[in-house]
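Chain IDs A, B, C and D follow the sequence of writing; residue 1 opens each chain.
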Amino acid sequence: MVGAKGQTPVISIQGVTVKFGGIVALDSVEFDILDGEILGLIGPNGAGKTTLFNCLSRLYTPTSGNIAFMGESILGQPAHRIAGLGIGRTFQNVASFANLSVRDNVRIGAHSDTRSNPLFDALWLPSVRREERKIDEVTADLIGWLGLEDVAELPVGGLPFGTQKRVELARALASHPKLLLLDEPACGLNHDEVSELGTLIKRIRDERGVTVLLVEHHMSLVMSVSDRVVVLNFGEKIAEGTPDEVQKNPEVVAAYLGDGH
Amino acid sequence: MTQTVHTNAQAPSASVPPYQPAPAPQAKLLSLGNIVSLLVLALLIAIPIFSEGFFVFQMTQMLVYATAVLGLNLLTGINGQFSLGHSAFYAIGAYTCAILVELGGVNYMLTIPIAGVVAFVFGFLFAFPALRLEGIYLALATFALAVATPQLLKLNAISDWTGGVQGIVMFQETFDVPVPFGLPMDPGTWTFYLTLFVFAVVYVLALALVRSRTGRAMMAIRDNPIAARSMGISLPYYKATAFGVSALVTGIAGALNAIVIKFVAPDSFTFIFAVLILVGMVIGGVGWLQGCLIGGLAMLYFPNIAEVFDDIVLWVANIGGFADALPSGNEMQQQFIRLSGVIYGVILVLIIYLAPSGAGGLLRAIAGRIKRLLS
Amino acid sequence: MSAILKVENLEASYGELRVLRGINFEVERGGVTTLLGANGAGKSTTLRALCGMIQRSGKIMFDDRDVSRMPTEDIVRIGVAHIPEGRGTFSTLTTEENLHLGAMARPNKKDEIESDIRKCFEFFPRLQERRNQQAGTLSGGEQQMLAIARALMLRPKLMLLDEPSFGLAPLVTRQIFDILADLNKETGTSMLVVEQNASLALELADHAYLIETGSIVMSGEADAIREDESVRASYLGY
Amino acid sequence: MELFLQQVVSGISTGAIYACMALSVVMIYQAIHHLNFAQGEMAMFSTYIAWQMMAWGFAWWIAFPVTIIVSFMGGFAIERVVFKPIQNAPVLSHIVVFIALFSIFNSLAGFIWDFTIKSVASPFGEGPFMGSTLLGKHQAGMIAVTILMLVMLWAFFQFTRVGLAMRAAAVNPESARLVGIRVETMTALGWGMASAIGAVAGILIAPVVFLEPNMMLSILLYGFAGAVLGGLTSPLGAVIGGFLVGIVENLAGTYLGGIGAELKLSIALALIIIVLVVKPEGLFGRKIVQRV
């Protein structure tokens, strides 16, 4: 492992198994994501990447095993607490709040980082105004950082796909996550857009200090931005290491290219 | 478009140009929306000055209905949940008011917020089972609630309070709403201003709520529940709250209705009334709270649609010169009245086909066009 | 050889989102053509657009007929069998009922249909064992076999296959591809295969197109593409 | 114990009404995955058509099949004309249009036939069934017809090509299109059948509750309760559910005294909510798997 010695894991996946009916979607998968790294998670279709992803965001509960974030298990937490713990996420086919403006989408991203109650909100008390100011600052900062000023007041639903993806990133970053889970961010982007995305992912880590888990099909993206890569196939981890190591691993080559190679 | 969008992300990560975060746009006090709102408010305040009697009563009723539409729209338009049973929460508000005034001797103005709180509790409690229901199933559960409500209100076991089938007649000593502080106005005018005041307060608070963190969370759930959850938004909490708040506002409308009509009875709160609230919301525009006044007007005049229709036919006939061919005026009006259900069924279908976003959508489309013309 | 399917300037979108930006390709009569590309590139969308399952524009010639405005049901009726991603099983119906449904677009000749079902069972003995079982309870591989058998019940001229390897173990995937190769050889049914497993698809196909964000970026003989370093690079990054 | 059994039997006889209605609710749910809130009013309207024909002097055995055919065509036409244009619209639009239909049929019936109560004779005759004090001839006839309809439906779906196509369209519309099934025609057929079954229900119910434009609102609620209890995906379940609702209602009336009788509609409300929350697929329905 590169640079792993002595670093603390942000999240630690410990023997996670998921079964749907009789089908084993994940079989005792085990790996750590270290503080400040970009970890790529790859595997062919149906390998279990999305299942693992959904376990991390608590949409699924593993049949056995544990997931520890900053040393504490997250399995007792409901899905809506995950953001508050410091885990942000994006969705494969963008899941924006289509009728709301870009600014409101990002504001909602700050939900887990702020407090209010419906009664005080309706009365617009001073405490509410303070909290709103905080939300507005974070929002304006991210909108600027991601170059979304021109579209800030437009409803997200009508924006181009690539822009919606950046709104999603802004939204995920608004709660100041420690760990950001990216679900196939390159899906539907062209070559140039993918390389821009690569730069952006590195900036998120370097400038915002966010640890990144990148689940992706797009090999060249994963290989160019990841510090380490984990490979899943049929629910099992078949390789873990630097991009170089993983690409030379014969099992990985077989999984992707078939036995012929 | 795509090109301009991505230029920013291309900026080399080493030398990010320092940027000034743009301040969030402050809500302008003199925005077009605010000006229109103030104009409408002024117009409403002026009503009793320029008219009297029945029209003032009708406008009072319109404001009551508008409050109910506002309540339902908070649930459906803002949070994306359905209800065919809001007549039940309206009834709870009305009965709370009537019982407290007649049996508890409580000042009728005080009962308005109390009715809201009681309705909130009922709404919140109903929401718990309803939370697990989506779309058509929620419609079914609330449909059942609406159909059962009149029967529940007639229950013998509680008839000491509810008056059973008879209902409760309010202000039995004077048969009029007492005008407080010796204000120099007749009870009708006073009731109008009281209703207008309550409506305005509820409206402003509702708008504030929608624009707050809570409101955004509710709209996030409406647009994409799964994404909302991963933003840290608790679905049960905000859905139940939306149900509760919606019931609260509708309950307040119910209490106002009791005060305005001075009478409550089980058969005023049927499924048909729940449908009428829904119709008001659809006409006003789902998700557009400002449309509640239009919705209120629609609820007020919809049941009389047949007469309006009759007038239109007569007018056309007079112009076209075939008035003689029609049945005599009174007879034709009778026919139209008997067909009013058909007329508003057809209008509803037409709205869904032609203007699914209701009056709100139409107004916004027109406003958008004017803005484009001006710029 | 003539082309059984000829696509010119095909565009498609999901609502506002434009997914195909004018693509051109052909499938030869009796041949196997494959469309390769990353997730979200527009491969499945292409198949869906061909069958009229989404908004589309452009020219689609099938068997010398213009089908670009034809509804899905009619395209099926003239001999295009589409096996969707995830197999499109009628999960609560039995295996046999699924096969009957495959013949829905054919004239209702009981004997012919029964004999075709028998042939399917000969070809896929596993399906015969499970004929009265709910199709949703079949394993992934069996469901893929069922999907192929259901498509064969149409006696199609062209089969569109969307990710036949989806969620299958390598051995089973291999089996499915062998079956497809046999079928192509025996019946001469033309095939258009969309696949992530490039290596397998290129083995099966004689012609290949590479698609990226809704545009075709490369095409050629399958063998040539197989040996091409740059294609391999975009698949494994080396 | 004897009282209990008596109440169960008489519950079954009221349950026959609900079972009929529930069957029609399930038919439409299968076809469009919606609950048609106008279903009761459509059945009421069909019943008036039958009544009118009999008032014109046609025999019952002519009026009955003609009404069913007219209702079938009416249901088919409503789907084509009213719902096809909004098939991709949000749920709320559908609910509003159901409500609109509700209002139209209710008002139209009142306009044509006015709101006075009309009595409809039972084709099975009056009086007790084979000397039983619990079961009338009409009730026995209703149970028989309901069961007959169920068997016919089962045979239709099991053994005919169209039946198979309709099932396929309900299970997986996209795949159904891909095997050449005209899914929209199947949906319209579903509407037609639901409306025909509703007509049968209405004609059978009318002798019990009397014919008037508002006769169906509460029966529709019981029909929904029966369908939800039995499972919206199972015609057999819906029929059993309908009978169960009848039994529960009767037992509550007996054992809870006055309150039970007063709470009839609330029992349906409670049943619907409890089933939807505790076991949304109903007693006999398929589990609806939610995908993330």
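Following the convention adopted for this analysis, a contact is a pair of C-beta atoms (placed from the backbone, for glycine too) under 8 Å apart; a residue touches a chain by one contact, two chains touch by 3 or more.
What you are looking at is a predicted structure, and each value in this text was computed from that prediction instead of being measured.
With respect to chain C, maximal separation of chain centres occurs for B (centres as means of Cα atoms). Across C-D and A-B, it is A-B that has more C-beta pairs touching. Each chain gets a centre from the mean of its Cα atoms; for chain C and chain D, those two points are 42 Å apart.
Centroids of chain A and chain B (each the mean of its C-alpha atoms) stand 41 Å apart.
Inter-chain centre distance (chain A to chain C, centres taken as mean C-alpha positions): 33 Å. Between the Cα centres of chain B and chain C there is a gap of 52 Å. The set of chain D residues touching two or more other chains comprises 292. Multi-chain contact residues, meaning those touching two or more other chains, occur in chain B at positions 226. Looking at the complex, you find that chain C touches chain D at residues 51, 53, 72-73, 76-77, 81-82, 84, 88-93, 97, 100-102, 104-105, 108, 150, 154. Chain D contributes residues 161, 164-165, 167-168, 171-172, 174-183, 286 to its touches with chain C in the complex.
Against chain A, the residues of chain B that register as touching in their complex are 1-2, 4-13, 16, 19-25, 205-206, 208-209, 212-217, 219-220, 222-224, 226-235, 241, 245, 287. Remark: chain B residues 76, 82, 84, 129-130, 132-133, 135-137, 139-141, 143-145, 147-148, 151-152, 154-157, 226, 271, 275, 278-279, 282, 286, 335, 338-342, 344-346, 348-349, 351-353, 356 touch chain D in the complex.
Contact residues of chain A toward chain C in the complex are 23, 44-46, 157-158, 161, 184, 186-191, 193, 217-220, 222-224, 234, 243, 247, 253-261.
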